Every structure is written in C-alpha cells, then in structure tokens.
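Let me begin by presenting the structure, written as structure tokens, before commenting on it.
Per-chain numbering from 1; labels A, B, C and D assigned in written order.
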Amino acid sequence: MSTPSTQYEDFADALEMIDDEDMRFEYIIDIGKKVKDVDFPDSLRTDENLMHGCMSQVWIIDEVRDNKHHFRGFSDAIIVKGLVAMMTASFSGLTGDELQEIGTDHVRRLNLGALTTQRQVGMMAMLETFKKFGLTGGGTVAGLRSAGI
Amino acid sequence: MNKVVSIESAIGGNSMAAFDVEQARADFPILSQMVYGKSLVFLDSGASAQKPQVVIDAVRECYETYYSNVHRGAHFLSQRCTDEYEKVRAEIAEFINAPSENNVVITSSVTESINLVAQTWGRKFLKAGDEIIVSEMEHHANIVPWQMLETEIGVKVRATPIDDNGEFLLDSFKELLGPKTKLVAITEVSNVLGTIVPVREVIRLAHEQGALVLLDGAQGIVHQGVDVQDLDCDFYGFTGHKLYGPSGVGVLYGKADVLNSMPPYQGGGDMIEKVSFHGTTFKQPPHRFEAGTPPIAQVIGLGAAIRYVKQLGMENIAAHEQGLLAYATEKMNAVDGVRLVGQAREKAAIISFLIDGAHPFDVAAVLDRQGVATRVGHHCAEPLMDRLGVVGTVRASFGLYNNAADVDRLVAAILKAKELLL
Amino acid sequence: MNKVVSIESAIGGNSMAAFDVEQARADFPILSQMVYGKSLVFLDSGASAQKPQVVIDAVRECYETYYSNVHRGAHFLSQRCTDEYEKVRAEIAEFINAPSENNVVITSSVTESINLVAQTWGRKFLKAGDEIIVSEMEHHANIVPWQMLETEIGVKVRATPIDDNGEFLLDSFKELLGPKTKLVAITEVSNVLGTIVPVREVIRLAHEQGALVLLDGAQGIVHQGVDVQDLDCDFYGFTGHKLYGPSGVGVLYGKADVLNSMPPYQGGGDMIEKVSFHGTTFKQPPHRFEAGTPPIAQVIGLGAAIRYVKQLGMENIAAHEQGLLAYATEKMNAVDGVRLVGQAREKAAIISFLIDGAHPFDVAAVLDRQGVATRVGHHCAEPLMDRLGVVGTVRASFGLYNNAADVDRLVAAILKAKELLL
Amino acid sequence: MSTPSTQYEDFADALEMIDDEDMRFEYIIDIGKKVKDVDFPDSLRTDENLMHGCMSQVWIIDEVRDNKHHFRGFSDAIIVKGLVAMMTASFSGLTGDELQEIGTDHVRRLNLGALTTQRQVGMMAMLETFKKFGLTGGGTVAGLRSAGI
C-alpha cells in the first residue's frame, strides 16, 4: 500500500501504537479539539460546501495549487471534526491521479475499531468526495452534486 | 450521606417490596452483554425495549412446537396456533380494558395503526377544510400520516403548542378546538420530553366539540398502562416492541361503532367474506383490517410480554420508574453544565438532556464508549426540535430493568464526556 | 416391486447425492411433534412453512445478544443490529438477483407488498378505464387490492382464464392485453393448483404493450427461486414465512426507476428526510416505503432462512420437490375415486384433490386425525373455486423437508378417509 | 347438571364409554352417516334456514309443537352432520324456558377431545341458536337474524 503523505503515516502509526480502543477514541477527540473555529470560518460553512448524508454536518473545501488538491474541512461535532481533520490532512497534497490510487484500505488503516459503521461509512463517503474532486480537478461539494458525480 | 438516603427513598421504599429490580434484570439475557469491555447500561428503551426470556421463549416455543398459519386451517397445529393467537387478542383486550377482543386490531406497529386510521377513517370521513389537531411534541408517526391527508384531501393539520418546559398547554388546545376539528391525534407521553399529556381532559374537550380522539400510546402504555374505556378515547395505538414484546407487531384499539364504520385498509386473505370478480364483501372488525398472514409468532410473543408486565404489576413498574426518574433528575441536575430538556410536572421516565458547549452526538458517542446506550438526534420529532431550538438531544429512557446503578453509570459517563469534550 | 423402483427414481436418483432429506428434516424441530399420538406429517407448507433451527436461533440470538432499534441509534447495539439488519437486505438482493439492495423494500408480508404497489404506484399512475390483468387463479392478496382501486379510481380488473387442467392460457392472455393494459399482476405459481405460470412470456408480452408486471412470488420463490433481472419483472413480492423464515416479514422488489417514481405509502419515522409543519420531504427508496420500526428480528430470521436454503441449494430443493410431486401424483392417481385438481404440465409440489362423494372438509378432518396436516377450503382463491365449480379442495403442499414416507402416510390416510366416509 | 333428554344421555354415555379419541371421532362420523338426504330434503336447505359462520353449511329448523321445540338440521359435511344430529336430538322436546337452562357444560359433555376449537365454537353457536328459538318461540334462522337477536 502506497503512502499518500507523511501526515497519513503519522496518524496511522500513532493509532497503531495505541492498543487500547478507548484511548484511540480519545486520540480522535483530541485531534478534533485542536481544530479551532477560526481554522474554518463561518463564511466557509455554506450549503455549497456541505456534504450530505452525515449524522452531523460536515463541510469540505478543496483548494487546488500546482495541480495538487489541498482539502480542509469542519464539523459541528468534535469526533467528526477529528475524523475530518485526519482525512483532509492525510490525503492533501496529491494530484488528481494520485487521489484515484487511494483505496478503502488506506482509510481502514485510520479507522480502527473505535468507530461505528455509520462513521466508517462517513469516512468512505469523504474519500469518495476527495476522489471526485481529483477527477474533476476541483470545485465545490455542491458543484460535484449538481454535476451528478 | 444525604445522597444515599435519597437513592433509597427514590428507588427503594414501598415499591422495593413489591418489585425487585435485580430479579427482573435477571429475566433479560441481553443485560449481561458487554459493550467495549464494559457491562451494558441500556437507556434506550424508549426506542425499543429489551425482551425478557419468557418472550424470547414463547416465540421459540411457537416455532418449535406448534407453529402453523392461523385462521385458515382445520388441522391440529393450525387450530392450536390459532387458539394461542386469538387468546392473545383477548389478553390484549383485557390489558387495555377494551370491551371486547373485537376492538383489538393487530397491526405491524403503531405507525401502521395510525396510518390505518388515516387511510380508512380519514379518507372516508374527512373533507377539505376539516381540521386535525396534533401537538408540537408528536412523533413523526403521528404527524406524517395526517400531513399525507392534507395533501390528499385538503384537511388542515394544526399543532397545539407546549411551553418551554415541555408542558402541554390545555388553554391553547381549547382555543384551537372548534367546529372544524374532526380529530385530535395526541401522544399520551412525549417520547422526547417524557411529558405526560392530560389526555383525559383532552378527550373530554374534544368530545364536547364532536371530534374523535386518537391516542398514540407507544410510550404511554409502557410506563403507565392504559384503560381505554375509562379514558374514553376513540382510537388507541401502541407498538409491541416497546412493551418488551417482539418487533413487528402493533395494536390498534377502536370503539366498536367507529371500527364498524370504517372501510378496509389493505386487501387480501383473511379480511374478506366472499371474493368474486363480480363483487367482494369484507369481514367484520377486527378481521376486516387484518389482510394476509398476520405476525403470528410476534403476537404470541406479545402475549407473553403482557403476561410478564402484568405479573410484575404495571403500578409497581410505574412506581419503580418514577423512583429512577426522580433519582436521575436529581443527580443530573447536580452536574454543572447539564441541561435537562423537558421539565413538565408530570413525566414518564424519559430524560432528554444537553451538555453546554458539547455537541449531542459527541456526548452520546462518549457515553456509548462507557457502555451507556442512549439515543441522540431528533428522535423522530423534528418539529419539536425546531420548537425547542435545538439540533437534537441526548435521551436516556428507562425501562423496568434499569436500576440506580445505571443512573450512577450514566452520571459518571456524563462527567467523562465533560472531561473529554469541553 | 414396480412401485418401489418408482419411489427411488422419483425421490432418490441424482438429487439424493446433493440433498439428504433426512438430514434436512433433523433441522426442523417441529417435525418431531406428535399429533393425536401420531407422528406429524406436515403437508401445509403452502400456507406457511416450518422453520429450521438456524432461523429460530437467529431470532433468539438477536433478542438475547444484540437487539436494539435500527437506523436511529449511534450506540453499540443499535449499530450492530442495524448492520445485521441491512446485511440481510443485501442478502435478499443477492438471492433474487436484484441490481442493488436499494431495490429491496421490507414489508410485513407479500399482501402488504402488493397493497403498497396498488396504493402508491396505482393511485399515482392509474386512471379510470385503465386495465389491470390478473389470472383466474390468483390468491385474494393479488385480487382484492386491485378491486379496491376499481372502486376508488375506476380502473378495470380483468381475469385471464385457465383451462380445466389449470393451465395458464397464453393465447387468451394475448387477447386480453391491449393499449389499456397498464399492469399485469400474476402469480408465478398457483397456491391451489401448483401451476407454474409462463411468466417470462407474460412479461415479454406485457412489456410489448407498455404494461408493467408485478409477480406474486409467494409460492414461486419457495419452489424454484427467482432471478428478477433475468425475468425482467417490474415488481416482485414474496413473504418470509413461506420461505422457512419468521412470520411478520415480506419483501417487495421493484425496478429502481419505478420505485423512484412512487410516492410514499405509510408516513412515520425512518421514511422521512425532514419533517416540519410547513412541509415534509421523504427519503429515497427503499427507506421511503418503510415507515416506523421495521420487523427487525424477523428480517434477521429471514436472512438465516435464505442462507439455509442457499446452502441446501435451490436447485436441489426443487429437484427433491419435483421427485415428491411425481411420486405423490402417481400414488394418488392410483387411488380409486381420488381426483387431482390441477394437472398443468409444469407444476410446483402442490396437489389439490377431492375424493368423489366425500366433502373436502370431512376428508381433511380424517387426514388430520391420522396426523396428516393438509389444508382445506378455498385457499384464499374463491374465484378459482368458482371457475372450477368446487366448494373447496384438500391441498397437500410440500416443503423441502417432506419425504416419500410422508406421501405414503398421505395415501394411507386417504384410504382411511374413503373407508370412514364413503 | 340436569338431563335435557334421554337422547342426550345416550350420546353422552356412549362418548364417555369410548376411551379412544379416534374411536369417538369415528362414532360422530357414524352418526353423521346415518342422517340421510331424505331426512332433510332440499326444500329445507334454504338461505332462511342457513346458519352463518360455519366452516361448512349448516341448516337448522325448529318445529314447535305443544310449546316444545323440535329441532332438525343438516350439513353438507358428514362430521358436521353428525354433530348437528347429536345437538338437535339432544336438545329437542324442551320448552323455551327449559332451553334457557341448557348451558355450555351440557355441550361440553358431548364435544370431547376429538373436536377442534372451531367445531366446538360451531356447537356453541348452535346451542345459542336453540336458546334464541326458545326465547322467541320459534321461527327461522333468518328470522332470528333479521330480528337482530
């Protein structure tokens, strides 16, 4: 399995080193707590950037620089915020083609036993969104939706 | 030691003698499950209750020793199974004090019970401009079927308000009531706030206006039982799985003349008198409303559930739950930053709450990791969430098998949530 | 020894190797029951099949170890139970070869599946004068829902005829088909006569006319399985309890575009996207059609039933049943005065019969006393009884667990009935 | 428990003496077989005389002589015919008042284990009809029905 980024490796390694599920759960909360409101201002929390089908609200943006996709995201709930932070950091800095190489196994390495199926499904949906951004070269979540992708 | 005394008086006291919660807990096999390595604290009975061994065994025994389709057979098993099945109908009638088992229609859930009334009574007797009153704290099951009649027929659904404590406002209800009101469809107990609605008054007032009353008893029957004749409601619906019975079975009670006046709901076997391509006639209630093979083993399981709660005593269960409610309310109020949503004077053992500064989903997730199962979200009552101005709540709902230790675990988990999330 | 040879070839032969009926019998606890001191011969699977231990245990295990309401919860049990529940939806999709689990709507019975189509698709897309074709040998479940649309909307229900052998008449069907035909609602297999309807032809012809086709697969799926994509039917309904699963659960398959075009059926929890008093929006199929708490444990039991028959192999079951059918037909034809009702060339293992000079109720009663459970009456197919000019029939319907000895006991009981009644 | 008639006693005694359920069942069939078509001609098998709610068709008539009710009946199925014969013979020759004294226990003595609940219900319905005839002083089944009794 390829390594998308050093951030990804860091997260994966950290989670692997924690052998207590409760601690892994708390680790994710800690990541979520580090994401501050200012990191993702209200002006970005628009319907345009809102992912549907999540238990809590999730916003995602894709900033493309030098053909590389840089994701940022936010949620109103801390645990989801933690997962969003892990996902966006892990899979940012890749080209559209590189994003297509990312598979569910990559996500599975991050989403250890501490997560409910519903959250796992949410993470997979996030990955799908990243890959779609990769395919279309950017845009907004709403843009993907209205393009029917 | 102040706290300990209040535990005793809340949970113990008089009811202790009549009701031994530890003994009751032993009847529920699932309660010994471990969740994330912690023993399970199940505080989600409002969504669906767990099943005592007698219910599980009744279903199993049916399948293993006498299962057969009912009503249509003359052979031994079919006869035996029909007898057991119809016996439960009589037991349900007795349990809710219906005049006869013919007032008891078997459905698949209270949702179906309510839809049945909307689609048969509603479509036959309502016309554009007629009004149906529901409350602001209804479950979607008691809103959407009426909204569908709004679209279809042009009736108007009006919501009678509650106050910020979740108290039903009788005066406002009186104002809404009028000659256009044809039906009042009200929950007995709010599944979110625990509010016990003054349904006796509601029914009296509605009847004065000539309106019928449907009670959504999904939560009510579980916490306090019901006497449909004493209440004088026209319809009463409940669902088996919240009453410690199997999933897949519900009940609709109706007054005889009302049921008799209603056309059938679904068409199929068992509900007909005579079928031909020249004209088909239907059976009398309750069979008129029971098309096809009914939930046979589920009805039998529901019978076992009713016998189980009757043996424990509905008053004992109610007293025990009130004790838990008082104890939990006191302990949770003592935690800084915890806000109880729903503070009606009369409540069933359902507590919705929020932790200031934390998202309810996060709170429920942390609780879950501590082995404490609660529910989070809108609880199928979005209009109520809008009314209260919240995205959702965390809800701890108690069953007969919960004990003071469950409350303590809940409170400990709340403290942990505060520690982790704030 | 002629007879013995024919037993072997009928029941044994190739299928013996792949399918061991004695081993299968051991999976069904009820088969060891005694009836009036005689061992049970259960020949009423057409009404409802018995359940293998794996199904009974799956239901029990659900209640004992992970039961919780589904879809609405974020806690461990709720998640686990939702996973198991939704896994079954995928298994059902695979079993009937639906393109996706989103084509699979969970209902409480095939009766509800058909009523759902009538009340949603029918009320939306049909208008006065439109025609629905059913056959003369439909179960009431596939007649009455359409007759209700006759009354409501003014559509016309037309019955395509059968011949005296119970054969479906394709030519007559072609004549009935026309531009007014909007729906063909046909059983795959007659529950009374066993006739296998040439549904592939029916579907092709109907589609040529632009009509949709609903198959009532209640009997069909049990005896031969189904591939809904290969058949190209628009709707397919079946019921769990005839497929060795629990009572209280059914399935409606629908093509995606058709399901998407349909308004909701019942209103309530789980089927909505957003509820408010200003307007409510609904989920996508299949959830749009699943209001309220579904038959949770029953779906899980149905999953176990499907795994069970898949493991035995639907082809092996079908071959075994065809062997029984051939053997029973031969033996019963050899009894003087026994008249088989329904002699289509292609039949599933269902045999309706009469004894000349005896009332079918008396025959079934004598059979019952010999421990042989059959069904008697109109089998929810009164129009078919009228067509055949009989008040009813005795029906022996076979399941995977029946063996040659059951047939022998049936024949012996028929001889006894002749002795006592004539 | 009072004895409504000697026929009643005969039936009850005979059934009690048979200690095999299958034999009791056959005894009822034998009674049914003894009832011939001519005993209850077609002209009596009218809707007027038809009892509803039976699995097979049951016709009942009440002939009142000297204030005493004499019942006859018929069915298209032998077993039911046997039960009808037992019931009509057992409870005939009684006055309206005497009929009111007949209780379900009387019927229960006749309806031994060999019967399914459905048949037992049928027998109780027959008893009810007899008692209604007793109350109203006679008439037809249809007459009772239309009088709403």
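Definition applied: a residue touches a chain if its C-beta (ideal position, glycine included) is under 8 Å from a C-beta of that chain, and two chains touch if they have at least 3 such contacts.
Only a predicted model underlies this, so the values are computations on that prediction, with no experimental measurement involved.
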Report summary line: A student comparing A-B to A-C should find more C-beta pairs in contact for A-B
Query raised in the report: If every chain is reduced to the average of its C-alpha atoms, which one ends up farthest from subunit C?
Result: A
Query raised in the report: How many angstrom lie between the CA centroids of subunit A and subunit B, rounded to a whole number?
Result: 39
Query raised in the report: In whole angstrom, how far does the Cα centroid of subunit B sit from the Cα centroid of subunit C?
Result: 32
Query raised in the report: For subunit A and subunit D, what's the span in angstrom between their mean Cα positions?
Result: 80
Report task. Starting from the mean Cα coordinates of subunit A and subunit C, work out the distance between those two points in Å. Result -> 47
Query raised in the report: In subunit B, which residues are in touch with two or more of the other chains?
Result: 36, 74, 76, 361, 365, 377
Requested in this report: For subunit D, write out the residues touching at least two other chains, lowest number first.
Outcome: 55, 116
Query - Contacting residues of subunit C [partner subunit A, same complex] - result: 74, 76, 79, 82-83
Query raised in the report: What does subunit C use to touch subunit B in their complex?
Result: 29-30, 33, 35-36, 40, 42, 44, 47-48, 50-51, 55-56, 59-60, 63-69, 72-78, 108-112, 114-115, 118-119, 139-141, 143-148, 157, 159, 239, 241, 246-249, 264, 266-272, 274-277, 280, 291-298, 361, 364-365, 367-368, 372-377, 379-380, 382-383, 386
Query raised in the report: Tell me, which parts of subunit D touch subunit B in their complex?
Result: 55, 116-118
**Report entry** subunit B-touching residues of subunit A, taken from the complex the two chains share
**Finding:** 21-22, 25-26, 29, 33, 55-56, 76-80, 114
**Report entry** Complex contacts: residues of subunit B adjacent to subunit A
**Finding:** 36, 358-359, 361-362, 365-366, 369, 377, 391, 420-421
